[in-house]
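Both of the next two complexes hold subunit A, though its partner changes from subunit B to subunit C.
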Partner chain A sequence: MSRTLFEKIWDSHVVVQQDDGPSLLYVDRHLVHEVTSPQAFDGLRMNKRIVRRTDLTFATMDHNVPTTDRSLPIVDQISSRQIQVLEKNCKDFGIELFDIHSPNQGIVHVIGPELGITLPGTTIVCGDSHTSTHGAFGSLAFGIGTSDVEHVLATQCVWMEKPTTFEIKVEGKRKNPHAITAKDIILSIIRQIGTAGGTGTIIEYRGGTISDLTMEQRMTICNMSIEAGARAGLVAPDEKTFEFLRGKKYVPKNYDELVNYWRENLKSDAGAHFDKSFTLYADKISPQVSWGTNPAMTTDVTGTVPFPEEYSKGNVDEEKAALKALQYMGLKPGTQITDISLDRVFIGSCTNSRLEDLIEASKLIKGKKISSKVRAMVVPGSQLVKRQAEQLGLDKIFKDAGFEWRESGCSMCLGMNPDILASGERCASTSNRNFEGRQGAGGRTHLVSPIMAAAAALAGHFVDVRELDLN
Partner chain B sequence: MKGSVIKYEKDDIDTDVILPGPYLKIHDYKELAKHAMEGLDKDFHSKVKEGDFIVAGRNFGCGSSREHAPIALSYSGLKAVLALSFARIFYRNAVDGAFLLPIEIDENSYKDISEGDNLEIDTAKNEIKNLTKSKTYPMKPFPELIGKIVAAGGLFNYKP
Partner chain C sequence: MEPFKKIKSIVTPLDKVNVDTDQIIPKQFLKLVQKTGFGQYLFYDWRFENGDKPREDFVLNNPKYCDSKILLTRDNFGCGSSREHAAWALLDYGFKVVIAPSFADIFYNNCFKNGILPIRLDSQSVEKLFNNSSEIEADLQNQTIAVGDIIIPFEIESHRKKTLLEGLDDIAVTLQYEDKITMYEKSKSKL
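On to the complex of A and B.
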């Protein structure tokens, strides 16, 4: 019987299959960070349990680490304490930790792939919803809560109800791939299928446009699968995937053998059945900017802030939600998106903080100055990304233009460390969530691509990046 | 299970408003509870009473995997969230730690239940009595295993 890629990975990881209800799945890689793990380790201690597979468990600190000079002590005592707790837990339980001073420290979803911890065909869990990022490599990767983190630490398994399958085809050649980015593709998808459009499903992204994307761009797309409510996103691995991972620190020694196996097996069979299907034509989309308080509240850069009654198409609840979102965002319906002025720009997060994102943004920034009204910040996704960018001289380009060049971490994506918006401040952000208060209480977030963020930093407002010289 | 309703007529109530990011550093559950729903309703902590229920729209708990969200609600005294639908990770976290019951209700019940109504939830019969309005609503039954985990008091107390 023909099977989808997801079903193949699922079948090869089921430990206990029940007739009805969840199955017990084996976990190949468990990524741990400082925020969702302390109670899990407490639980292990309380019940005198050990970590079952320390060799498959990797930890880093990313969510609340400061992005300022790391030779200085951490000012926030509570953050400092949470970081020390992770250090102690990793030491006590024998888990490899990429701590704040490690050359491998970074956002957990950036370092997994760059260290070769992420591998095709594996199952990967982490106490973080954006674990879906790793699906770009053809791994079944999903976020779990702290109870499940404890369960995985103790058993290397997780209970899971078998999700349904959702095929999202992206077809069509983009006229200007520097202007219409992977971020614009995923925002367009979420805008159309909605924040719950993928609930209970594993999305497999397919089609010519997806094949054309680099690994970093595929990660951007899979990363935001959770914003459509999906459990995970997947892209079938191909030669780009195999080359990306080749030679990385943690890939197994029999890499070529594995590649042969992956090449043969890790794809959906012809005629495999998907429970749902959706097609996006990438040649028809424009650069995207979110205007509201969830990622589906997004429109074209050439568009206007919608009128709630038009946006809702007669749905009273949606109309109320749009009205409330506009109040929070301080926007008037009918305003041109390109007339929205910005106070802050953030280039970073597990969605868009990789080397390619920084290169793209820097090409536009080079030799220019950001608007005097804007405070702009680049937070590389990892120490490796930061080093590579500095070797290319990107730090200098950004700093000369007026950007702050920071240490790696989650930073202003979720407002846990001092990098936050003040109430009422408006930010063009390459992150993944524009929820109320996400980047700081009262802060207003517009989700955009790195190139749009860079253009907005220069102009002080959004611009149609297709009109700029990006080559 | 009896309690009164705090109603939010809103879809997509996300984990960042249920428990804003800055509080994820807090280890003490009672302290977390003081910030429950702070991103949406600053008065929640002062008005919630032991045994209360939240009634809300679609996709409740979307966003982050932070278990702090159901924990903060639970330690506020909340016993259940009745919503049109739930985001998966929130649903699962609520059940795993037996923090609160995520109960799916239908559109009619959602419209009919008002702020302050007294409800009685009977998970054995899969029904919700509105004691204030003398009405009965259906609830979506828990899948068998979820029901067993809930009955056992969470994932770690459940013995297959």
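On to the complex of A and C.
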């Protein structure tokens, strides 16, 4: 019987299959960070349990680490304690840790692929909803809560009910791929299917446009699957995937043999059945800007802030939510998106902080200055991204333009470290969530691509990047 | 985990769709390294003005609901971040049951790990509950909600029901399959 890629990965990881209820799935890679793991390790201690597979478990600190000079002590004592607790837990339980001074430190979803911990056909979990990022490599990767983190540490397995399948096809050639980015594709998808459109499903992104994307761009798309409610999103691996991972630090020694197997097996069979299907035509989309307080509240850069009744299309609950969102965001319906001025710009996060994101943004910035009204920040996703960017001289381009050039971490995507918005500040952000208070209590977030963020930093307001020279 | 008993209480109505876990427990409180003490921070930015003054217009600050154990809300409750702190905060505050037309997957799963019963009800029944101000009773064993004389049945996955009713420790259950896990590991080539 023909199967989807997800079903193949699922079938090959079932340890216990019950007639009714969830299956016990084997976990190939478990990524751990400081915020969602302390209570899990405590649980192990209380029950005198050990970590079953320390060799399949990797830890880093990313959520609350400062992005300023790392030779200085951490000012926030509570953050510092959480970081120390992770160090102690990794030491006590024998887990490899990329600590704050490691050359491999970075956002967990950036370092997994760049170290070759992420591999096609594997199951990957982490106590973080953006684990879906790793699906770009054709792995089944999903976020779990802390109880499940403890469960995976103890058993290397997780109980899961089999999700349904959702095919999202992206077709059509983008007129200018520098202006219409992977971020615009995923925001367009979420805008159309809604923040719960993927609930209970695993998305497989398919179609010509997806094949044309680089690995970094595929990661941006899979990353935001959770913003559409899906536990995971994946893309069938291809030659780009295999080349990206070749030679990375943690890939197995029999890599070529694995590639041969992956090439033959890791794709949905012709005629495989998907429970749901949706198609986006990428040649029809514009650069996207979110105006509200969830990622589906997004519109074209050429558009206007919508009226709640226009946005909600008759759904009373959505209309109330849109009204509240506009109040929170301090926006009036009918305002041109390009008339919205900004106080802050953030280029970073597990969605858009990889080398390619920084290169794209820097091309526009080079030789220019940011608006005097804007404070702008670049936070590379990892120490490796930072080093590579510096080798290319990107740090200088950003700094000369007036950007702050920071150390790696999650930073202002969720503001657990000192990088936060003040109440009322408005930010163009390359991150993934525009929830109320996400980047700081009272802060107002507009989600955009790196090139849109860079253009906004220069102009002090949103700009249609298609009108700029991006080559 | 404590076995789940019947819960009788008035209902706290939180009339919002897409309530995300950043609202349930804002990020500044995720730095604690234990599971307790999160209740005081539940819905923090909605509950308090300038960090300490209770906002009169927020439902949790209405004294009428101070002993409520049941939260009633709208579609897609618990979306966004996987933070289990959201479930810990609800439980620590006193909520044992959350009723909504739909929940986000990770949050739904996290509830069961902590002895909270999330109940999915059709929108019409949810609407009825929003219009009711008397006590209701959530009975997991019989899968019903009693509103006076009216009985509303609900569906729940049988294994999840068992977990809550018996207060099962997931890890202990899984470790009974130790031989199968070991066999699986032996059968797989090393990745």
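Simple rule for what comes next: the second predicted complex is superposed on the first by the 471 of 471 C-alpha atoms of A that agree within 3 Å, B and C clash if a C-alpha of one lies under 4 Å from a C-alpha of the other, contacts with A are read in each partner's own complex, and residues count from 1 in each chain.
Everything that follows uses one rule, which is that a contact is a pair of C-beta atoms (placed from the backbone, for glycine too) under 8 Å apart; a residue touches a chain by one contact, two chains touch by 3 or more.
Since this is a predicted model, take the numbers as computed values, not measurements.
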With subunit A superposed, do subunit B and subunit C clash or fit? clash
When the two structures are overlaid on chain A, which partner does A:Leu119 contact: first (subunit B), second (subunit C), both, or neither? second
Mind working out whether A:Asp20 is in touch with subunit B, subunit C, both or neither, as first, second, both or neither? both
What is the contact status of A:Thr146 with respect to subunit B (first) and subunit C (second): first, second, both, or neither? both
Between subunit B (first) and subunit C (second), which does A:Leu414 come into contact with in this model arrangement: first, second, both, or neither? both
Among the partners subunit B and subunit C, which is in contact with a greater number of residues of subunit A? C
Subunit B versus subunit C as contact partner of A:Thr199, first or second or both or neither: both
Considering only the touch criterion stated at the top, classify A:Gly437 as touching first (subunit B), second (subunit C), both, or neither. both
Shared contact residues on subunit A, subunit B side and subunit C side combined as an intersection? 18, 20-22, 35-36, 38-39, 47, 63-64, 78-79, 81-82, 127-129, 143-148, 150-151, 159, 161, 195-196, 199-200, 226, 229, 231, 294, 317-318, 320-321, 324, 414-416, 433, 435-438, 441
Along subunit A, where are the residues that touch subunit C in the complex? 15-16, 18, 20-22, 24, 26, 28, 35-36, 38-39, 42, 47, 49, 52, 63-64, 78-79, 81-82, 85, 119, 122, 127-129, 143-148, 150-151, 154-157, 159, 161, 195-196, 199-200, 226-227, 229, 231, 252, 258, 294, 317-318, 320-321, 324, 414-416, 433, 435-438, 441
Which of the residues in subunit B come into contact with subunit A in the complex? 9-12, 14, 16-17, 20-22, 24-27, 39-40, 57-59, 62-67, 85, 87-89, 92-93, 96-97, 143-146, 154-156
Touching subunit A in the complex: which residues of subunit C? 15-18, 20, 22-23, 26-28, 30-35, 45, 74-76, 79-85, 87, 102, 104-106, 109-110, 113-114, 157-159, 170-171, 174-175, 177, 180-181, 184-185, 188, 190-191
In the complex formed with subunit B, which residues of subunit A make contact? 18, 20-22, 35-36, 38-39, 43, 47, 63-64, 76, 78-79, 81-82, 127-129, 131, 143-148, 150-151, 159, 161, 195-196, 199-200, 226, 229, 231, 294, 317-318, 320-321, 324, 414-416, 420, 433, 435-438, 441
